[in-house]
Structures are given as structure tokens and as C-alpha cells.
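Shared between the two complexes below is subunit A, which has subunit B as its partner in the first and subunit C in the second.
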Partner chain A sequence: MAGNRKQIEFAKKLLEISIEDGEVNPERVTAILEELKKNPPAKYPKVLRAYLKLVKKEIKKYTAVLEHSGAISDKAILELGKELFEIYGRRIHVTTKSSEELIAGVRVSVGDDVYENSIISRMQPLRSISL
Partner chain B sequence: MLDTLLIIAAATTDATSSAGPLSELAGKFHVETNILVAQIINFLIVAFLLYRFAFKPIIATIDMRQQKIADGLQYAEEVKLKLADVEKKQADTLKEASLEAQKTVGDARSQAKQHLESQKSEAQAQAEDLLKKAREAIDLERTKMISEAKEEIAGLVVQTAEKVLARELTASEKSSFSESAVKEIKSNS
Partner chain C sequence: MSSVVEQIQSEINKLTTNTQKSNVGVITSLADGVANVEGLSGVMFNEMVEFPNNVFGIALNLEEDEVGVVVMGDMSRLKEGDEVKRTEKLLSVPVGKALLGRVTDALGAPLDGKGPINSEETYAVERIAPGIIPRKSVDQPLQTGIMAIDAMIPIGRGQRELIIGDRATGKTTIAIDTIINQSNMNKQGEKSGDPDFRPVYSIYVAIGQKNSNIMRTLKVLEAAGAMDYTVLVTAPAADNPANQYLAPYSGTAMGEWFMENGMDALIIYDDLSKHAVAYRQMSLILKRPSGREAYPGDVFYLHSRLLERSARLNQDSGGGSLTALPIIETQGGDPSAYIPTNVISITDGQVFLDADLFNQGVRPAVSVGTSVSRVGSAAQIKAYKKVAGKVKLQLAQFRELAAFSQFESDLDAKTKSQLETGKRTVEIFKQPASSPIPVEIQTTVLWILQNGFLDDVDVKDMVDATRSIIEYFETRGEAVAAKILSTKALGDEVVAELKSASEDWKRSFSNS
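Up next is the complex of A and B:
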């Protein structure tokens, strides 16, 4: 356990190095990985796993996943990005994903926050309504 | 005896013919005064002695025995009275005991009846309680069943509605809904 903690601490330091202007810089990440490959630290796989987990978590913080059913315009995506910038105070990259299970509407996930306005979410309360 | 009478008769006849009949009679019978007096004195002494040493103790013994018999009779009488008293007391005691026993039996019967009534009412209360609980359980189960049925029906309705919407909504309608949904997210956030 103490060993794991050491690797996690090391991975956190690597993540700090990887961030530039509040975002994970791919070039820095590539450089770090190259360096680790040349001089592998103790328990190298564990360090890599912890680093990957932290990078994913960090990217999720400024990445919004917009799930939608039916086509959605670029304008709407852009407006959503602006709105998210106002909410979080930083630039949020919006990625889209088609999700037919919503029937119609959208679901936006930013980190642990989820905003949903879809047919499926509107129908959900009806399931618990007593007739 | 006949001879003696004949002698006395002859003496009587002779006495009528003489001057001192008593002297003659005494002479005929050879009674001497001195001897007679002595015999009388002897007789008195013997009588006194007999009285003093024989009759008196016997009489005393008889008296004592009579006294004892009287005492015994009196004691027997007392015993008889006491026995009667004891019998009376015993009869009274028996009567009291009988009354007491009757009272006790009466009380016991009353208590038994009371206990029976109490048990009966308790059993009735328990039965009513059980019935009430059973009714409550049935009501609860029914409510639960209805609630579950409602949920299931609601689920089925929603599921059907979802399927219908998924099938019936056109691509443009979906797109339009999604666009407006993004705007609503913006306005709500």
C-alpha cells in the first residue's frame, strides 16, 4: 500500500508537469512517456496506470461530452461551449456522441456533472408516479 | 322348742300358785343376779369393743366407699355433662365448619366463574387483536400489491410511450428537440 502511494505521488507530479495553461499538453505527455521509457522508475507499470488515470480525470474536467439524438448544429455546440465557459470559468472542449437511447434531446457530462434534457429524462419521473 | 314352751307353761302354773313368782322363776332357771350383772357388763364391754374396733371402721369404710361411689357418680354426671357440652361444641364446630366450607366452595365457584369470564374475555380480545392484525396485514399487502401494479403499469405505459416516440419522431423533429434542449440547458444553468 505504501508502495502504491509512492507511485501515485510520483504520477501526480508527472501530471503537474503535463499541464500547461490549465490543460493537459499532449506534447509534454509524449515527452514524459519517452523519458519514462528510457529511465523506467520502480514499479513502472503501476506508475503508468496511475498517470493514465490522473490524465483522464484531468481531461474530463475540461471536456464536455454532448450526447444527442438527432442531428445537432455546430452553432448549438459553440453556444454550449460558451455557456460552459461561463459556468466553469475555463475553456471547455465539447465532444459529441450520438445516443439514440435519449429518443430526442441532449445529455452533457462535464467531469462528474451531468446536464440532461431529453425525452428519456422527461419520461423518467412518470415511472414513479402512482396512478 | 316344744319342750321349752312346755317348761315355760309349767313354770307359769307354778308361779300362780306361789308368793314370789319372779324369785321362784329365777330359782327355777338358776339365774343368779351377780352372774347376770357380770354378763351384762361383759356384754356391754364386748358390744363397745365390737362397735369401736369392728363396726366403726366398717361403717367408716362403707361411708368412704359410699362417698367414693357418690363422687364417682357425680364425676360420671359431670363427665356426662362435659361430654354433652363437648358434643354440643363439636356439633357447633361441625356446623360452623360446614358453613365455612359452603362459603369457601361458594367463593371458589364465584372465583372460578370470574376467572372463566376473565379468560373468555381475554381470549376474545386476543382473537379480535389477531383479526385486526390480519386485516391490517391484508390491507397492507393489498396496498403494496396495488402500488406495485401501479408502478408496473406506469413503467409499461412509459416504456410504450418511449417506443412509440422513438419510432414516430422524425429525424428533423429529433434534431429540433435537441437544439431546443441545448438552449434550455443554457437558460436553466
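Up next is the complex of A and C:
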């Protein structure tokens, strides 16, 4: 861990310059990657891995994954985007994913936060009791 | 068919429901009781987190990218990639009188098969110790029932007195006897109907001990009828280090409930050496920097924050107390090792048990010279202080003299007399396990010794004489003993009665 510190610090600086208006800018990322390819830093693979991890984490912060069981309307997605803007104070991109394991309801993940209103989450306490 | 399912689903979707928010993370690595978790961005230090399959852990290392969580439970049920949820709760244990008579694990869950613990309250395991203002000086005795301790190293309610010694020198026995004595006194006090009587409830925390030893302790306490006033918190050697680390804090939370509700409690930590070892193991796995003897830098704080929670509160704060008797095991009789010196400096004194004395048959093997009680003498009852005042000095002088006299063939009369008195005093303090002596009886025994009634008794007969005095004052001389207990002083009237009873005892002992 301690041996990777320099690479992590470098990757953090790369992330900083990858961000524009609070979001990771794909053009900047492409430019950074090309520059790195031309002038690879020490321990290049480690730098790239650390950079990837940080970029993923950053994208996760403003991307909401809406898992749902059953149909979901565009209007509901739009409403969700507005609600999330209220909570996080920034634009949140909503992506949808069908998930039958919820049985019914939805689960929204934004970064480390999970908002859930599904049958499976309601059954969780019952499951704990039976264990 | 599918339309029917969709119909039911749309009906369910229409129901008014409450959305649950949670903060989650993912296990990235898992080894030796510690899970590294990515995510959990909002987690607090010492917060309980929930793994799948009803497994819990405590967040102990909060780093920039990940959280080090100590797993309390079966790690084999977890795998990399599992989701971890915040509970937004600090680790808590049940507290209250419902715990009395029960055996629990480090998290307060019952282990005795007597059903659930019907406790209405829970306390956080980690709590801040009482500050300066709610405290009060120690002024009420906590009798151990062990004459050597009560006479020479008296303990007061709210004190922290360390019991230290090599393995198998009787450390646990002292702790158990103290619990038994509290139970005996509680029963006697409740029977007397005295409204001022304050019972002492006991909590015995077994850390890193063999299950067989814990079972033996439980049996001794049950046989003495002491479990009615006792809680047993166990984190045996087979338990994971996280539980061994937590057990003393859990026990203290249980004790604090009594203290904060105006009652008196006693807590035994058996032992803090193993506690430090468990913490060292956890810290090394968490990759915290290690210091002396590979212990982490905060090993002093580990014990200081635990023992500072034992206190005597003033009347405005309820007047309760929590007395702590931590136990430390030394190696080769050396109290200058890292953990022993730490705990010695935190506590208000120590009872040092000497392996040589133990092997010579002096039991309890209390080394008078190295044992001290810094605050307890203020709590001794007047009558006892009067008879026990000089005993410690006399005995310490005797030990020194005895060591020197080995090289001298011709001794003067004064030295010989001092040696004889010393030998008698040593014999009088010999006491078998699980037989604590009430304070009023201890007072009579020491009064008889101080007033020359035992001068003509052979040293080899001293143990029998002591037993005979105890029996006498528990039966025929009960009235005098009761008077000492009620007046708590040796007034002229009591002394006259004591003298007459002692003469009566002497006659009966000489004839036997």
C-alpha cells in the first residue's frame, strides 16, 4: 500500500485535471491517456489502475442506477433526477436497470448511498429473524 | 398468466411505502478477522456495520479510500464483493438488573440457555468516563473478605485496584472471593432491612480464558449463591480478537448502568494482559504502526479509557460507584514489563501476588512490601483502622528482618520477639479460597492478635486458632461482632465486651 502512494497521488492529480464542471470530461481523459502513452511515468500500469479506480469512483458520485422490477415511466425517471438534484445539489445522471430480484419496487444507488423501496428490502428483517 | 403477475405487481407498486436510505460499501479483501471495505463514505468511528447473513462488524480504521472493519462473528459466511451496510448505531449492549445471574458474550447475548435477557435499556459499549465535577473521593469501603487485603491494602467503592502476579498465584481466586463476599454481604444487608444498606452488584469479565476455567468460575459462584448478584461476560480464548477486545468495555457499560442509577457495582477484568494481546493482534492485522513489544501506540489509552470509567459519583449525580479490579499476569514476577507498568500507573494501587510466597504456602500470597492502596484507607471503617493501622508496617518489617536473620545465629530479644509476632501475623492472614471473612470478624481477629491473646499460641497452631476465633464470633460471640458492625467503632463498651468474649474464647481454645 505504502509503495503505491506516489502512483495514487499522481493518479489523483490526473483526476483533478480530468474534471470539468464537476464531471469527468471524456475528451480530457482521452487527451491524458494519449499524453501518458507518449511519456509513460514510472510504474505506468499502477498509475493507470489507480486512475481508473478514481475515475470510476468519481463517475459513481453523479450517476444514479435505478434498478426496477416491472415497468417504469420516463416521467418517473425525470422526477427522480429532480429529487436527486435537491438532495445532492448537483446534476445526477440516471441510468436504469431491470432487476427482477426486487420482486416489486425500486432501488436507487448514488455513490455509496442506496435508496430502496422494494419487497425484497421489506423481507430482509424477516430473513434476519429466521436466520 | 404474466398479465396476472403484472396486475399484482402494479397493485403492490401503488401501495404507500417508506423508502429506506442506507450507506453501503463492498468488501474488497477479507483476512484474519478484518474486512477492508470500499465505500461506506459516511461511516463513523466505532460504528457497527452489517454484513450479509446477520454478521456484524465495527469500523475501526477510517481511511481515505477504504474502511477497516473488524468482523464479530463467523467470517466464513462472508466473501469478497459482499455488500456492507451502515447501521448508524454505536455498538450497544443490554444493561440493567435483568442481566444479574446471566452469562453473556461480549455483545451481551445470553450464553446460558436461560432464554432472552429482558432488558429495557441498552448502553453504548464505548462511553466517555465521568468528568471531574460529578466525582467524589472514595469514602466507603468495599470489603473483599480477604483479611490480608482488607487490613493492609483496603479498597474503597469507586477505586481501581490492580491484582497483579505470575500465573497460578491466586489472582482469580481473590477476584472470585471478593464477588462471593459482596453476595454474602448483600444477603445479610437485605435480611437486616437496613434502609441505608447499599448492595454491591458484580460483573466478572473473562477475557481470553479457557472455557473450562470460565465454567469452573461459574460453578464456584453458583455454589456460593453469588450469581444472584453477578453478571458473567465472557470472551474465551477461542473467541475472535474483536470480541476479546470488546468484552471489558461491554462489562463496563453494564456496570455503569448500576453506577449511574445510584447503585454500587464491582467489575473484574480477568485479565487485561490477554486483552492487550487481543488488541495487538487486531491492530497488527489492521496494519497500524506497532511500537514496544509490537503493541500499537494507543495501548495505554486502551486501558486508561477503560479504567477511567470506574468512579465514585457525588450525591448530585446519584451517589453510585463502579469499583474496578483489573487483573494483570506478569512473567517471572517482573512487574516492570510494558503492560503491567501501564496499568499500575493508571490504577489507584495494586495487590502484588508473589509466586515464592504462594509456593511457601502463604495464601493469599500477597506481597506486603510491593502492594499498595492509594485511596482505600480513607474508606476503612474506624474500628478496623484502629486494629489494622500498624499491621502492614509490622509485616513489611518482619519480612525484611526474616531475610536478614537467616545469616545471624545470635539474635537479641527484641528482634526475636519481632520475628515471633511477624510469624504469627503471617499465619493469621492465611485464608483458604472461597471463604471470605466478614469485616466485623476480621476486626475481632486482629484485635485479639494486637492485644496479646495469641502470644502463647504456637506458630504452627495459629491457623487453627484463627479458625477457632472466627467460629466463636460467628456463634457465641455473635452479639459483640454485630455491635462492631453496627457502631463501626471500638468504643469503651465494645472493647470491654470484646475483651470478655476474647477471654472466654481463649479458655475454650486452651481446653480443646
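What we mean here is this: the second predicted complex is superposed on the first by the 124 of 131 C-alpha atoms of A that agree within 3 Å, B and C clash if a C-alpha of one lies under 4 Å from a C-alpha of the other, contacts with A are read in each partner's own complex, and residues count from 1 in each chain.
Note that contacts are C-beta pairs under 8 Å (C-beta built on N, C-alpha and C of every residue); 3 or more make two chains touch, one makes a residue touch a chain.
Given the structure is predicted, the values throughout are model-derived calculations rather than measurements.
Trainee: Report for A:59: first if it touches subunit B alone, second if subunit C alone, otherwise both or neither.
Mentor: neither
Trainee: Touching A:78, do we find subunit B (first), subunit C (second), both, or neither?
Mentor: Touch status of A:78: no partner.
Trainee: In the overlay, answer first, second, both or neither for which of subunit B and subunit C A:111 touches.
Mentor: After superposing on A, A:111 lies in contact with subunit C but is clear of subunit B.
Trainee: If we overlay the two complexes on their shared chain A, which of subunit B and subunit C does A:123 touch? Say first, second, both or neither.
Mentor: It touches subunit B, and subunit C stays clear.
Trainee: Applying the document's definition of touching, compare subunit B and subunit C: which contacts more of subunit A?
Mentor: For subunit A, the partner with the higher number of touched residues is B.
Trainee: Taking the stated contact definition, name every residue in subunit A that is touched by subunit B in one complex and by subunit C in the other, in rising order.
Mentor: Of subunit A, residues 69-70, 104-105, 115, 117, 119, 128, 131 contact subunit B in one complex and subunit C in the other.
Trainee: In the complex formed with subunit B, which residues of subunit A make contact?
Mentor: 68-73, 76, 79-80, 83, 87, 100, 103-106, 108, 115, 117-120, 123, 126-131
Trainee: Given the complex with subunit A, which residues does subunit C contribute to the contact?
Mentor: 6, 9-10, 12-13, 17-25, 39-42, 53-54, 287
Trainee: Where on subunit B is subunit A touching in the complex?
Mentor: 147, 150-151, 153-155, 157-158, 161-162, 165-166, 169, 171-179, 181-186, 188-189
Trainee: For subunit A, which residues are in contact with subunit C within the complex?
Mentor: Those in contact with subunit C are residues 1, 69-70, 104-105, 109, 111-117, 119, 121-122, 128, 131.
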